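This structure is in structure tokens; I'll ask about it shortly.
Per-chain residue numbering starts at 1, and chain names A, B, C and D are given in the order in which the chains are listed.
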Amino acid sequence: MFPLLDLLRRGALHRTRVEAFSDGVFAIVVTLLILEVRVPHLEHGTVAELKHGLHEVVPKVLSWAISFIVVCKFWINHSYIFSLARHSSYALMWINALFLMAQAFIPFPTALLGEYPYNPLAVSFFGVVLLVNTLLFVWMHYYINAYLLHAHMHRVSRRTLLSRSMVGPACYALGAGLAWVSVWAAFAVYLLTPLFFIVPLQPDHGLAVAEGLLEEPSTTPKPYPGHSSVSV
Amino acid sequence: MFPLLDLLRRGALHRTRVEAFSDGVFAIVVTLLILEVRVPHLEHGTVAELKHGLHEVVPKVLSWAISFIVVCKFWINHSYIFSLARHSSYALMWINALFLMAQAFIPFPTALLGEYPYNPLAVSFFGVVLLVNTLLFVWMHYYINAYLLHAHMHRVSRRTLLSRSMVGPACYALGAGLAWVSVWAAFAVYLLTPLFFIVPLQPDHGLAVAEGLLEEPSTTPKPYPGHSSVSV
Amino acid sequence: MFPLLDLLRRGALHRTRVEAFSDGVFAIVVTLLILEVRVPHLEHGTVAELKHGLHEVVPKVLSWAISFIVVCKFWINHSYIFSLARHSSYALMWINALFLMAQAFIPFPTALLGEYPYNPLAVSFFGVVLLVNTLLFVWMHYYINAYLLHAHMHRVSRRTLLSRSMVGPACYALGAGLAWVSVWAAFAVYLLTPLFFIVPLQPDHGLAVAEGLLEEPSTTPKPYPGHSSVSV
Amino acid sequence: MFPLLDLLRRGALHRTRVEAFSDGVFAIVVTLLILEVRVPHLEHGTVAELKHGLHEVVPKVLSWAISFIVVCKFWINHSYIFSLARHSSYALMWINALFLMAQAFIPFPTALLGEYPYNPLAVSFFGVVLLVNTLLFVWMHYYINAYLLHAHMHRVSRRTLLSRSMVGPACYALGAGLAWVSVWAAFAVYLLTPLFFIVPLQPDHGLAVAEGLLEEPSTTPKPYPGHSSVSV
């Protein structure tokens, strides 16, 4: 299916450094976003003036908050799918690099959204960027599931994984389209999409947790990560 | 008490990546703050002019220094409470994400404080942000203590933990209120609050240190982390 | 050959912190680059105006994307050569520091390229910076191969390593020269150089993977990292 | 000597997170510095104009390069002294926090130096900041040597450690003073100070390397880190 990737499939590297590099990128992306929220310039420095200045900053804070939650959601799911992999290959490193590139791009559409929250192009662009991020994430999940799964884990069928994983991309595509009708409808879709998938799905495909994670009997009856297909 | 969180309580993930991601965010928050301290623009570049320019920068340096200490305090206590957890769950990851979001927001009120140090709204806003940070931290501590504690550690009673942990939030709330009377009184409260709790409380609730930390007999008689309830 | 380095060759430090520090620098370099892509300023905030503004931002996004891929390529190869080292010495830490300094410089020529994509000096400067980065990387690879190789790994002959490693520098030097004839020719060379070496070379020199990486029988017949000389 | 610190001496925490947090701060400080080197604004975008613009940027690049080397030097020595500690205490975490605060401040005097390289106050200020950094580092080294040393390591006598460690601070103090006579003399001192100590001193006090670092017989006769007192 991906001939170039078959060549890249070589290599058996510890996951340590891919995870450290990724965690670094996630942490920076999430924190850089606040730089867009600038201190308002005041003429006289009165309380009334500052109150007005803070009001104007609200859309930027909101778009920052949405992006923060979205990137954290990606990060949590990234931790999950990497915990399924027995090691990293060069192909995984490159797919991950492309995914991180898409993550690192998020501050730009976020700043755009904070600056022009009623412009349909800005709102739609935000959805398209999240769509691309989600597709790259699904590709990575698909790749790990197909080639790098720990031996003691159940492989999810490709059809199941892809059909489940496409809920997220479909939502973002819908939002990007709706933006041209109503920016408010698009905002609602963007906000609801991550909320919908914040609770992991039932572990009905039996993807077991990586060995050694459970140090002692857990107090919860079902200690598995739970989502066999991660929707983002 | 938190029905959604009961669902999220699943998952048993190594603490490694949550800690790495958090350390990254802390490190960036703490370092980004210096970006607000800008090089003064000089007309002729004389020593007298630069001396004047550096004087004007002092409030920004001070607000940066306060925030640096405050964030380091949170980081140290974050290390402590995570060392109590036997593993991470999805709920902990999300509470942690919200807490890190509040941490990542700190550069904004800090810059505001450095720009308008005599504006009561700016001073009060700084206190409110620290209040929110502390409440999220207490929530996280409460959650770990209730659900994720290592088996060999003594669980602190909820009442004890909450009553002790509320000293910090109460102080920041007081400071945020006092700002409207006198910004100097608020500054004093903000400065004294972390100093008050810099020394860990007596280990009277017997929370033991995570196994394996003490490699050899320590020269100090009481090698325990000491604070059963972390006040921030 | 390097008398000062012979003194520096002392020290036997875990690779952990060198790798963590390097991963941090790589992650920041890669993410900082997006800060150059600024939100366009619009007069009326119309869709047509924003579309025009986004068009103008395209060269910056492209130069960011090229640099992102280039730095990821360096990062992947950095992971590879460090996995060959049994430990770190002070010399390796200093060569690595110089290399990271050159990596940290990349955002500047990238921003220059995004601002003045048709200026031959800007295009040539970009190639020279990548040339210096590649030479420092080859030095580091050479050093690890000569002095710090794991005992169970085959040492590549110096001649082989250097002759193979010089393909990358030669390409960037060519691109930097071609920029004065045609910026498009230079862009083509810059783009093709990493693509050429994205697939690891045959493992004909038998550099084995670091022990312990392969936890279980791999499904691929040749599980070795594969490139005995890493071209960048 | 430090009564408050005696209370803080409790706690026995893994070094992992202190090191991760510190590595993050070091990596960001070192990379942030390049942000001060801005793309020159050109009227017509000609090669001659860009060449002129690049010339003007040279002092900023130089001050960035000096700071990069200085911070890397601190980082390498930080790795060294932390490898001597058997664990971290709250006191060490706080001393380290103050040290990192001083490190995080370095971008400001660096930017100042790059903007006003001939202003004696800017040049002297740079030296004072490095002086403070070095003193905090010596304090941290002193503290680890006195209270947290691995059991199998030789403790250096306080007198020896302090007398040797004071070479660095003395040099920076000299440079900060000389700046008022001649900025060039100060530059020379700033440049020579780290070069002087780049090669570790003889391991005449027998501080052994942390166990487990040497996985196999080294090819070098003296595998010890070598500098019993780290001068910075």
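Here, contacts are C-beta pairs under 8 Å (C-beta built on N, C-alpha and C of every residue); 3 or more make two chains touch, one makes a residue touch a chain.
Since the model is a prediction, treat every value here as computed from it, not as a measurement.
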{"item": "Fraction-based call for chain D against chain C, same above half, different below", "value": "different"}
{"item": "Most distant chain from chain D, judged by the mean position of its C-alpha atoms", "value": "A"}
{"item": "Chain centre separation (chain C, chain D; CA means) in Å", "value": "26"}
{"item": "Between chain C and chain B, distance of the C-alpha-averaged centres to the nearest whole Å", "value": "37"}
{"item": "Chain A: positions in contact with at least two other chains", "value": "20, 24, 27-28, 32, 35"}
{"item": "Contact footprint of chain D on chain B as seen in their complex", "value": "19-20, 23-24, 26-28, 30-35, 37, 39, 42, 45-47, 50-51, 54, 65, 68-69, 72, 75-76, 79-80, 83, 198-200, 209, 213-216, 218-220, 222-226"}
{"item": "Chain C partner contacts - residues on chain A that touch it in the complex", "value": "4, 7-14, 16-18, 20-21, 24-25, 27-29, 32, 35-36, 86-87, 90, 93-94, 97, 100-101, 104-105, 107-108, 111-112, 115-116, 118-122, 125, 147, 151"}
